[in-house]
Amino acid sequence: MPCQTSEELQHLVELSKKYAVNGKVADYIPELGKANPNDLSIAIHYPDGRCISAGDISKKFTLQSISKVICLALVLIERGFDYAFELVGMEPTGDPFNSIAKLETMVPAKPLNPMINAGALVVTHMLKGNTVEERINRLLTFIRQLAGNPNIEINEKVARSEFETADLNRALCYFLRQHKIIKEDVETLLDLYTKQCAVEMNCLDLARIGMIFSMDGVDPLNGKRIIPGEIARICKTFMVTCGMYNASGEFAIKIGIPAKSGVSGGILGAVPRKFGIGIFGPALDEKGNSIAGIKLLELLSRSYRLSMF
Amino acid sequence: MPCQTSEELQHLVELSKKYAVNGKVADYIPELGKANPNDLSIAIHYPDGRCISAGDISKKFTLQSISKVICLALVLIERGFDYAFELVGMEPTGDPFNSIAKLETMVPAKPLNPMINAGALVVTHMLKGNTVEERINRLLTFIRQLAGNPNIEINEKVARSEFETADLNRALCYFLRQHKIIKEDVETLLDLYTKQCAVEMNCLDLARIGMIFSMDGVDPLNGKRIIPGEIARICKTFMVTCGMYNASGEFAIKIGIPAKSGVSGGILGAVPRKFGIGIFGPALDEKGNSIAGIKLLELLSRSYRLSMF
Amino acid sequence: MPCQTSEELQHLVELSKKYAVNGKVADYIPELGKANPNDLSIAIHYPDGRCISAGDISKKFTLQSISKVICLALVLIERGFDYAFELVGMEPTGDPFNSIAKLETMVPAKPLNPMINAGALVVTHMLKGNTVEERINRLLTFIRQLAGNPNIEINEKVARSEFETADLNRALCYFLRQHKIIKEDVETLLDLYTKQCAVEMNCLDLARIGMIFSMDGVDPLNGKRIIPGEIARICKTFMVTCGMYNASGEFAIKIGIPAKSGVSGGILGAVPRKFGIGIFGPALDEKGNSIAGIKLLELLSRSYRLSMF
Amino acid sequence: MPCQTSEELQHLVELSKKYAVNGKVADYIPELGKANPNDLSIAIHYPDGRCISAGDISKKFTLQSISKVICLALVLIERGFDYAFELVGMEPTGDPFNSIAKLETMVPAKPLNPMINAGALVVTHMLKGNTVEERINRLLTFIRQLAGNPNIEINEKVARSEFETADLNRALCYFLRQHKIIKEDVETLLDLYTKQCAVEMNCLDLARIGMIFSMDGVDPLNGKRIIPGEIARICKTFMVTCGMYNASGEFAIKIGIPAKSGVSGGILGAVPRKFGIGIFGPALDEKGNSIAGIKLLELLSRSYRLSMF
């Protein structure tokens, strides 16, 4: 079923788009710096297969931090709750996503949650498989299943660009390895992690992933369970408490939708029992979230009373 | 309508009670140190007026930090969203509730959220009124209305005990006053704040307050709105992101109910659109939450699938 | 013996004075804000009683943080080494002088050294005496003896101005009292501390105090010991490792003279076995040191090879 | 001229040796873990060529952090003051030597001083030369010249052991490279750095190096200048303000000698204009300094009034 453009949605996109001028495309990963800051597109995917959209939804973008919550789902399936949370915490933090300072003051040096970089690296470290290829392929298969799109691939150029500029993540990894939280070769882990971040899709794919989370892990069209309900619930909880970097608290107050953003400008939304949302708007605010994308979600949440609180 | 004891609830209380031995009654406020660590009681208040309970629900306790969320509701009513959040943030923090360090690194020195002590002191500072008496009476009237109990009073002995040992809160206040976040006399503010913390009630009263929050601020029996819906929603959001001190993230993952705890051992719960919960169990875990109370909520949430995620 | 003006010194003062334009008079204590930023004066006091000077050495200023090292000397005399260093450390810190964050991470909450505000408040707390009057008088007597000037007094206006704006110091005191490092009434301690900071003198007096420290505590003209040698040595060591706020390391490298500065713009210098220095230049750099005063000391140290390293 | 054993010194060694039981040999570098915790030896080297010693001075040990101050001297010779201090600060810090947290809060991410690991890595990064071999050879030549011993070599086994367990230093390097403080390949730098740390010698060699520093960089026997006076002075200043990790302040107060320690248990001392000291005692206190070695220096300093303050 093709995705219908919606005039109502288009109107909200127009209103939100203006805010993009106050944002900035991420440029610390050179390949991301090439995005057009004025882009803004959205798709909403309903459990019954219907889909509405606005903006150029054919535009592709890489998942970046959005991959953190998907990888967490797979690792929880593969490893279980207890194994995973032995090495990563569950608490939101007021610090930036790439901060290292708290690792030094915590004993043990366990990252506070799986949505900050340190925690996400630990989660990716837990991905099963003997080689980077095997592990990234497991994740890719999982993502394709969630999106219902077998053609999703890695953008190798972005992966490489990110790998080459990942010194801060290297610092986090070596710090964690010193404290025995991470035990594998750091360059191998970063190869895997930057590939995970570089999985590429469009709004439509992302909205369908959100829909699966919103339906507790079940594909409603065929009744097949992709994610155990308990794990889908855990993921949505992390999306609320720490999905939007250190603006998660404000996002929960103002918008109240489980969501996860990435520095590519993507936002994954999962309105429980209602629908999934995929947004792409590469101009970021200073905390690393899509500035027009957040505005759009705010308008949506207010107009349709989507806050779950 | 009297509150019925429930055998099912009594069973969960028995199971949870065992965990109290691993906890400790708060003793930094001398009056709180007198509580019996083995106490555990619960009341659940439904919108239709029904009520079930277990344990000795006649036991009284002071609100302590639970008052933070109620005071926030009143201040948002009196002052509005923009005024309030000019002086206090919305982000959860990984730090203990009484931490001062982040105030020094943030510019401006705006407390991260209204649920940590620094933020709560700023919220109480915003309570309208010319005298401590006038201000505490406004709050007391509001609390009595929420609990539907005109007999709720302040435990003056606890208030005094807390006032005398509140040097850490004094440090926070003076720091905030230096940075012009707080502008009134510190001893006056602490007098007000420790009285607010010392408002005394039992589980039943607390459960009814939770019920009002769960019904978006309306008393369902008479249809009267006590809290605007938007404000009730904001309060429940803070209860999820930072209601259980720096164990809020884990609580959201494992239990998923908007809740606010206090070092007296009380926990206020508000299951959206379902019911309110009041718990009293004074043995605390190391983060300051009722250890048996949290266990009880975990059993409840699992048994009846109460998580909102 | 009157102090001779020195042309050579006057030349260095002229060179240094230009740097004052890049500084700023302290204004967080309103009374200090009234100083003339272009003032710069210096006196050098030799053990044989000779004295040379440049600039208007009749100008008076308050000691501010310079009092920390003098009070430390008296407390070490009154209480001994072990008693004093049970409550305050000996380590320099990279943090600003008024920082509170480290107190939270250290166990126990013992200030790192007696030259930061937290540590100085603990030292003043140890001053013997039953009343503020008795304690400040002991200190005043000691200071008059060191300066050889019985007319040194407290500037009550500055003391009051500082007392009224001392909220950050109040925060430090209450934090320290919570952790049982300070045990007396905070307002009493601040009354004493702000009076200590407001002891007023001119460059000449200050230079003579520096000379006594430089001679290991003995007044060379009459052979009378005012400070035990060991204590004079300890004080000079602190002057080197933490006397110039968090610019002490750079000051040691570039200048290498035991020195203590105050936000009034005063600097006390003690060149071991050679002479004492008193400087007044109220325009401060961003770390709180007299900007022209430091320049003047740098020129002096280079010209006369005064570094002790 | 052979080094004479001294009965007086032997007596102090016996007294100090008892304290070794409270210490622990460094074991985070596996090769260092093999040292005998009861070893304690000292050599004192006078400018006139005389030398006295106690304990088994034939025992060899690696320089570890002692190399930081020697490498700094060479880099200051090669690069000059301004170049070097553009990338590393001059301030002591209250944090442990391997801390990373302050790098995150400082802007720019410039290590506070050259004696903490982050700062030392930046200094080694500045060592001139095209290859690791060329650079380490320049340093080795310099060290041999200072020690007057052409046979000083690198302990390759220790270097390798340290290289393999240097994840914390890798974290520091990548963090600094992210912030453009370090610009070369991290593994290359660590290869160089761990070799520098693994330069091996005995107490006698070390004492002679100390003597050169104490004589402002001149070899008094032949009058040849090895280090410019200004640079020797800077090095001694850093030895006082930050040479003994975050126990430097206490060391300055109690002992007052420019000194630099290493986790191998070595201590380099330079009593200005008097003599050089070399100590080896591998049992460390919790801050990483030789526990018996510090005791021995304390006894020496008291007995012979060696404090420079």
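For reference, chains read A, B, C and D in written order, and residue numbers begin at 1 within each chain.
Here, contacts are C-beta pairs under 8 Å (C-beta built on N, C-alpha and C of every residue); 3 or more make two chains touch, one makes a residue touch a chain.
Computed from a predicted structure; not experimentally measured.
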Graph separation of chain A and chain C (steps between touching chains): 2
From chain B, the most remote chain by mean C-alpha position: D
Geometric centre distance via CA averages, chain D-chain C, whole Å: 33
Whole-Å separation of chain centres (CA-atom averages), chain B against chain D: 55
Centre-of-Cα separation between chain C and chain B, whole angstrom: 47
Contacts with two or more other chains, residues of chain D listed in rising order: 105
Interchain contacts, given as pairs of chains that touch: A-B, A-D, B-C, C-D
Chain B-facing residues of chain A, complex: 89-95, 102, 112-113, 233-234, 236-238, 240-242, 246-250, 252-253, 256, 258, 272, 307-309
Interface residues, chain C side, partner chain B - complex: 99-101, 104-105, 167-168, 170-175, 177-178, 186
